[in-house]
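Here is the structure we will look at, set down as structure tokens.
Note that the chains take the letters A, B, C and D in the order they are written out, and that residue 1 is the start of every chain.
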Amino acid sequence: MKKKVYSSLDEVVADVPDGARVMFGGFGGAGFPNNLIQALVRKGVKNITAISNNCGTRDGELGLMFKHNQIKHVIASFPGPHANHFQERFAAREVTLELVPQGILCERMRAAAAGLQGFYTTVGVGTEVADGKEERVLDGKRCILEMPIHADYAFIKAQKADELGNLTYRLAARNFNPIMAMAANTTIAEAEELVPVGSINPVHVMTPAIFVHRIVQAKGLHYAG
Amino acid sequence: MKKKVYSSLDEVVADVPDGARVMFGGFGGAGFPNNLIQALVRKGVKNITAISNNCGTRDGELGLMFKHNQIKHVIASFPGPHANHFQERFAAREVTLELVPQGILCERMRAAAAGLQGFYTTVGVGTEVADGKEERVLDGKRCILEMPIHADYAFIKAQKADELGNLTYRLAARNFNPIMAMAANTTIAEAEELVPVGSINPVHVMTPAIFVHRIVQAKGLHYAG
Amino acid sequence: MPDSAVQEKALLDKPRLTREQIAQRAALELPDGAYVNLGWGIPNLIANYLPKEITVYFHSENGILGMGRRARPGEEDYDLIDAMKVPVTLIPGASIFHQADAHLMTRGGHLDVAVLGSFQVSEKGDLANWKIPGAKGSGGIGGAMDIAAGAKKLIVCMEHVARDGAAKIVKKCTYPLTGLACVDTMVTDLAVIDVMSEGLVLREVARGWTPEEVQKLTGAPLTTKGRVPEIHLPRVLPGLLEEK
Amino acid sequence: MPDSAVQEKALLDKPRLTREQIAQRAALELPDGAYVNLGWGIPNLIANYLPKEITVYFHSENGILGMGRRARPGEEDYDLIDAMKVPVTLIPGASIFHQADAHLMTRGGHLDVAVLGSFQVSEKGDLANWKIPGAKGSGGIGGAMDIAAGAKKLIVCMEHVARDGAAKIVKKCTYPLTGLACVDTMVTDLAVIDVMSEGLVLREVARGWTPEEVQKLTGAPLTTKGRVPEIHLPRVLPGLLEEK
């Protein structure tokens, strides 16, 4: 059987091509796959479409990829005041941005994960977010049609992983990670800890192994921003 | 602050009116709120719309309510071969039925829970399930529009509850319970065990307290069917 | 070619694969490491015939990944059941989740293989497996429509011909549909057939049967790609799953 | 009535509530047992002014219900932060979940109260709080649109008038909108105002202010229901949350 556990960060990202669509977990400094991001920087991939809540904190998180101009398009809810590398690229029109309400970002990824083809929401009706989207009235409410967000890869950060791919997350470092894990064609998890199969209680598994395609152990890289 | 813990089954269902829409958790004998169902039988409510995967196993689960002709309409995915009371009422046209694919039943309840107004799915396209539903092509796929399922009450079965309403479920008795807990206006949980606040690890809470409005301790009633 | 009625009665008396043997052959379609959902009936027997060298992870739509063997007498836990209400066990590395996540897996393309029973399959891969026309009672869909819509590969296990002699593999289903163009492969008591864009391709036939004979019991045209080998069943190792 | 520019400069020099006092007044709007989300800015100060006799449960859109006080120096855990990236603590009975469930709570009508800051609010309760026209940079929406769409009750805390003297309570928002007809109540440094079907109703005014004066600094008509009392602030008990 194909092993999911890879021995190095560089190996686990080796096939990520230029132009890939990649989801990056994390929120506000917690749960970012910083080691995988650094591996992508070393690899030097270009023209990435990044799907992530934030756009980095100075050189931290996605900041490094914007610094090296590896990202051409972003789908995000809150790029962030300290995402200076992103903001510079954005001002220079080297990066394009689709701003999405945070919960709708979650739901569009979940729709992709769940095999749904689109959904109606009242969120964003009458705002810039509705521009270009189908609007209709359902159950007496004005709604817009939101479409799934798919990705080639999800880069996520876990606390524990077993070698089958079952994951747990630490506290609020969970955030977007379980949703992205479900939504991408290939999900790569960096885990702080590799644990024996069977050591995570089945009822406490936070991301079942079916969603996780590659695992690499990586611990310690932290950006306080 | 209003207490969520009730001291008796009869008290906790006392305000359920005739004609209420009620979700009932459980699948295949596991995770049914049998004690709450019995309380509804004692109360004698009528004209209930029941939303549940199954329609009972002989006198067990919802069977008792069909036996007493308390249910007028069912939204279900698999009424079940041993749901004889339901089948008799159905044959006699005393009960109407909307058959829904099981995963779509989950998603329609989740849409209600998540404040979404409808979603498109390929499930059921070209089948009886699509009758009367809007069909369109999205992303090259034929889809139908499915609408949220709301309810006045959700009756669910938990393993542990703290008095704030945080819940856990035992093994595969989880099934529909967490989804229904989120989808109803008033969620009533029968729990095998009441545990002190703080004794459930925050990362292992399966249904956060915000979704649970009433709790009653009840243990032991079991129908093997 | 007959559409539903079978002319040659004699063919109906030739030996075929048993239900157990259909399951045994279908088990060979499961790749190592696959995530698999098994439906009611013949598919549910497949778990007993997995080749020893492969591991597959069984999914149940009530929220289990990594189902193991059925519970032994005295070991039953009625909070740990499969979709058929049968008490089961968990393998190491199993996980439990709610029904919406279970069907996110079925519908979202996360299962590698699903195996279902069926009443009819059309030459385009349309599936009709949930309702017999005119049957009394409410019927029930269960998880079949979500599974049919979402599995990466959908295998149908069924008898090739109905008890009344009618073809179950047809040009167009007359039974209520479960899903359109969703079946990839059929394993029957007579043949292994792939649903391809060009139509139905006969991959294997049961021992003692010719492609022509199978065609006579099939309500839609079969093509072949060269010689059609016989279905090869490995030596049966009953209770294999028990030992794992 | 001025729509955006304020004629009477003298009014701008009268004493008003501080940001802390706005938060203190808004805290009184939270019912006992409520599930509450607090946005950036003034709303985030509210947790410090909860009346001692009530308990509310704070929600954070990154997946926390039951946030407690901020972490003390040395106690910080950067995997346990609020939506402003500030390390926090949990109260007993807290729970952690993923971001989709967190926003299922915001959008699905599960929060009893959400409190947000704002640039403008219209007389119909339209909210504009995410983007300043002409500001450089990308801007960012965050969770505000989901929260605005879904909270059972949405309270806005803000200064009554912009720094340049422009009214922030207007007939029609000129700033990019966050949501339509979503604001229920405004607590400003001058007044408490409810958005009703009949228009804006002035419920309370700051000490030393008359309804007429507040109207002069408001870009949409205010009505009153009888006498308008002054905002009453209970004795400040700073650090109350710390003690819980």
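Throughout what follows, contacts are C-beta pairs under 8 Å (C-beta built on N, C-alpha and C of every residue); 3 or more make two chains touch, one makes a residue touch a chain.
Quick caveat, the model's predicted, so the values are computed rather than measured.
Participant: Of the other chains, whose C-alpha centre is the longest way from the centre of chain D?
Facilitator: So the chain farthest away from chain D turns out to be C.
Participant: Could you work out how far the Cα centre of chain A sits from that of chain D, in whole Å?
Facilitator: That gives a centre separation of 30 Å.
Participant: Provide the C-alpha centroid distance between chain C and chain D, rounded to the nearest whole angstrom.
Facilitator: Computed from C-alpha means, the inter-chain centre distance equals 58 Å.
Participant: Going by the touch rule set out above, which residues of chain C reach two or more other chains?
Facilitator: In chain C, residues 96-97, 103-104, 107, 149-150 touch at least two other chains, as defined above.
Participant: Taking each residue of chain B in turn, which ones touch at least two of the other chains?
Facilitator: Where chain B meets two or more other chains at a single residue, that happens at 107, 110, 114-116, 121-123, 170-171, 174, 202-203, 206.
Participant: Could you draw the chains as nodes, link the ones that touch, and say if you get a line, ring, star, complete or other?
Facilitator: Contact map by chain: other.
Participant: Report the complete set of touching chain pairs.
Facilitator: Here the touching pairs of chains are A-B, A-C, A-D, B-C, B-D.
Participant: Under the touch definition given earlier, write down the residues of chain D that touch chain A in their complex.
Facilitator: Residue list for chain D touching chain A: 60-64, 77-81, 83-85, 96-100, 102-104, 106-107, 126, 131, 136-146, 149-150, 176-180.
Participant: Under the definition above, what is the set of chain C residues touching chain A in their complex?
Facilitator: Residues 32-33, 35, 54-55, 57, 59, 65-66, 90, 92-97, 101, 103-105, 107-111, 149-150.
Participant: Please output the residues of chain B touching chain C within their complex, sorted ascending.
Facilitator: Touching chain C: residues 27-31, 53, 55, 76-80, 86-87, 90-91, 97, 99-104, 106-107, 109-110, 121-129, 142, 170-179, 206, 222, 224-225 of chain B.
Participant: For chain B, which residues count as touching chain D in their complex?
Facilitator: Chain B reaches chain D through residues 1-2, 110, 112-116, 162, 164, 166, 182, 197-198, 202-203, 205, 208-211.
Participant: Under the touch definition given earlier, write down the residues of chain A that touch chain B in their complex.
Facilitator: Touch residues, chain A against chain B: 107, 111, 114-123, 138-139, 141, 143, 147, 168-171, 174, 202-204, 206.
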